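You will see chain A twice below: alongside chain B first, and alongside chain C after that.
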Partner chain A sequence: MITDIQTFFRELANSGINLTIFYDAFDFERFITGLGNTVLLILASTFFSIIIGAIGTAILTSGRAFPGFLVRSYVALFRNTPLIVQMYFFYFAIGSIMPVGQNELGLPEPLLGSFSWAVISLSLYAGAFNVETFRAGVGAVHGSYEEAAFALGYNRRQAFFAVTVPLALRFSFASLSNNLVDLTKATTVAYAVGVAELLYVSNQIWSDSLNTIEMMNVMLVIYLVLTGAVVFIINRVEAVMRLPGFGLGDNQ
Partner chain B sequence: MTISPNSQPLISLRGVHKSFGAFEVLRGIDMDICKGEVVAIIGPSGSGKSTILRTINGLTPVNKGTIKVGDITVSDPELDQVKLRHRVGMVFQQYNLFPHKTVLENVAMAPIQVLKQPRREVEDRAQKLLADMRLPDKANSYPGELSGGQQQRVAIARALCMEPEVILFDEVTAALDPEMVKEVLSAVRKVAEDGMTCILVTHEMGFAREAADHVYFTDKGVIVEHAPPAEFFSQASDPRTAEFLSKVL
Partner chain C sequence: MINLKALALAACVAFISTAASAQSLECGDDTLCRVKAAGTLKIGTKDDYVPWSYRASDGSFMGMEVDIGKKIADGLGVKAEFVKVTSANRFEFLAQGQIDLMIASASDTADRRKIVSFVHPNYYSSGYSVLLPKTIKATEWKQISGQTVCAVQGAWYNKPAQQEFGVKILAFAGTAETEAAMKQGRCIGLLEDDNQINVRLSKEQWADYQMPLPVMAETPWGMAVRHDDQFSPFGYFVAGMVAQMHRDGTLLKLEADNGIKNSAYLIKMHEALKDHIN
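Let's turn to the complex of A and B:
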């Protein structure tokens, strides 16, 4: 079976379409490593960006002045500067003043590698957008629900978590889906700090195997599949959480 | 229900004032409501009826005056909100059921989460209340699957499940289609007949006349007059009351 596939792509290469990743073991391995790193970047950054978004929104809606100011400043900074500049800033500016450890051979090794910096940078970037998304979700929940909770003895915090959050989440899906698709595409920026993700390894492959056009096509298809998967998962979660007779346009 | 004139009022309002910005909604409200009494507050829109209700359970803080519910002073800054809202239930015009919770969860969640009562006990009580409200088979439905009248009856069961001493009904039929008004009013009447102290803000004059022990008429933030319904609807003494009644009856 595998030999069949390899034979097919080897013959395809002879006819001018050279997809080395499907018949050359070395290119295949590099490519899979890159794909794995990209998926890890997506998963880790999605996870942390959602946590950042949730915490930022909780602070903003708590109505406390100074913490709210800090969150708004953070959002303004990370929304209004280019991601690549942020990533360079973390990797080269902050990374260079971080303490340096030693590896088992006694050689100097930075505490955080490029992958970690990429996750931090992507999480903060997408987190800023998620703060806005969740805040808008909270704003979309009619105050009458919270009021009903107050009338039943809930305090602010209890009402926020028992009533506002579950409803706000349902208003946030469309916009969250946008943010996470954007985050998926933004993982390619990690290339700039040397993370061996898909774009990085593809560049290596097309440099070595001189199949730039083929690899460009592969990249387009792969990212379409990845963003498609992100949207599919969010849509599934949204469908599971859908409430009868409740939602945008249903008069809540 | 007959009220002994000497009985201690369960709820009393004295000189209650409330302003929203420059607009004075309540300009000195005095009321006494005894245990088991059913009181209807009527009056034109914007006369402060709903605000009176909302000051009683502390949803709207007052600017001046005192409100007492039993031994609780509502305006006390040290007030234990849970204690007050355990005693005073409220039913809203728009039902305000939690759309992400089933009917049973809506009814049972506050006693479980706020009063920390045992789940099984609360759920048994909730099931019984839903049966009383003639909704026994809707326990696992979501509010969005029910009609307005059914939702409002769930909201009444939700208020009752806290086992309050008084329930505030804020225009509970105003958002309903006409054919559903009757089912909700008969549910309210059942609650009143079971001895619950009820304060109703309502535009249903027929209901106020039949079900209330006492009718208050408010206009422009003051109580113009109050009387038992028979007297109130037949011989209103103030011209403002007479004018209002001539429009709505």
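Let's turn to the complex of A and C:
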């Protein structure tokens, strides 16, 4: 079966479409590693960016002045600078003043590698957008819901977590799915700090085999599938959490 | 009234564009004719490869490859226009016509000949090795197997170094990033071609480094033209210029002028082609 596939793609290569990743074991391995790293980047950064977004929104809506100022400064800083600049800043500037360990040869070795810095950078970047998304979601919940909760004997905190948050989350889905699609595409920037993700390995493969056009098409298809999967998952979650008779999700 | 104006405008535009393209149209597929008509030769070169091709403080291109490019343009009686290319995009730039000649430290390999045509004789040669700090006592490639080395994305030796010696590659877009990463300890050394390492070692800042591992896969560098240009007046002209520069020692002189120790390859080529009468 595998040899059949390899033979097919070797013959295809002779006719001008050179997809080395399907018949060259070394390229296949590199490509799968790249795909794995991209998926890991997406999962880890999505997870942390949502947490950052939730915490940021909780602070903003709590109404405390100084913490609110810090969150707004963070959002302004990360929304208004290019991701690649942030990535370089973390990896080369912050990375150089971090404590270092030692490897088995006795040479200094940084504690955080490329991958960790990429996750940190991507999470903070997407987190800034998520703060705004969730804040808008909270803002969209009409004050009367909170008042109704107060009337039923909830205190501020209980009303926020039991009434406002669940409704705000439902208002946030459309914008959140935008942010996460954007994050999925933004993982390619990690190639700048040497994370062996899809763009990095594809770049190396097309430099070795000079099959640029084929690899670019492969990447296009794969990112289409990845963003499709992200949107699909969010739509499923949205459907499961749908409240009959409430909000925009009702007609879908 | 409006229609008349529009008609006049359209006629004007059509006239100007015809006049501009007439010269290049007459040349057809003849690149030499097109270059002479345009008065500029577009040469693709890197801008981060000191001292072969890099940028001066005013942004203009400098280096040995740039000097070679200028000599070729002089020979044609046109102006040299340098276009920045990278290891990862240079062949596409040439194939798609953004440049007509590529002098970008490209090794002449069988795979690459499928995409572009290399001009012969080759103008330079190099292999690959690793720049290591003197604290690392390795003299064989197998001793650094499993270690991480920094490299530039798209370099041809990244794959063989991984496959044959089991080193791990951490690749960046340019040489400046690889240096920064090595100095931060993200890799033990720099995987580079031996010429580049020799140039580094001649400088004070790299005094604590050395090139202890044998140089692998000695491969000649070639200038490249499009397939259509290989056996055309343009291809023959460039080939002739390269042969002449080997013969009269121009390449040796340019190498020395750019602060590079005369390489074994250029000395050998000069010996083979030099004038037998003097």
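Things worth noting here:
Assume the second predicted complex is superposed on the first by the 243 of 252 C-alpha atoms of A that agree within 3 Å, B and C clash if a C-alpha of one lies under 4 Å from a C-alpha of the other, contacts with A are read in each partner's own complex, and residues count from 1 in each chain.
The rule is short, and it goes like this: a contact is a pair of C-beta atoms (placed from the backbone, for glycine too) under 8 Å apart; a residue touches a chain by one contact, two chains touch by 3 or more.
Not measured: the values here are computed from a predicted model.
In the superposed model, A:212 makes contact with chain C only, not with chain B. In the superposed model, A:100 lies in contact with chain C only, and not with chain B.
In the superposition on chain A, A:1 makes contact with neither chain B nor chain C.
Of the two partner chains placed by superposition, only chain C is touched by A:114; chain B is not.
When the two complexes are overlaid on their common chain A, residue A:200 makes contact with chain C while staying clear of chain B. Of the two partner chains placed around the shared chain by superposition, chain B is the only one that A:145 touches, whereas chain C remains out of contact. Across the complex, chain A is touched by residues 87-88, 91-92, 111-112, 114-115, 133, 135-136, 147, 150, 153-156, 158-159, 162-163, 170-173, 177, 180-181, 184-186, 188 of chain C.
Residues 144-145, 147-155, 158, 162-163, 166-167, 170, 243-246, 250, 252 of chain A touch chain B in their complex. Those residues of chain A whose C-beta lies close enough to touch chain C in the complex are 26, 92, 95-96, 100, 103, 105-110, 113-114, 191-194, 200, 203-204, 206-210, 212. Of all the residues in chain B, the ones that touch chain A in their complex are 57, 59, 81-82, 85-86, 89-90, 92, 94, 96-100, 109-110, 113-115, 142-145, 158, 162.
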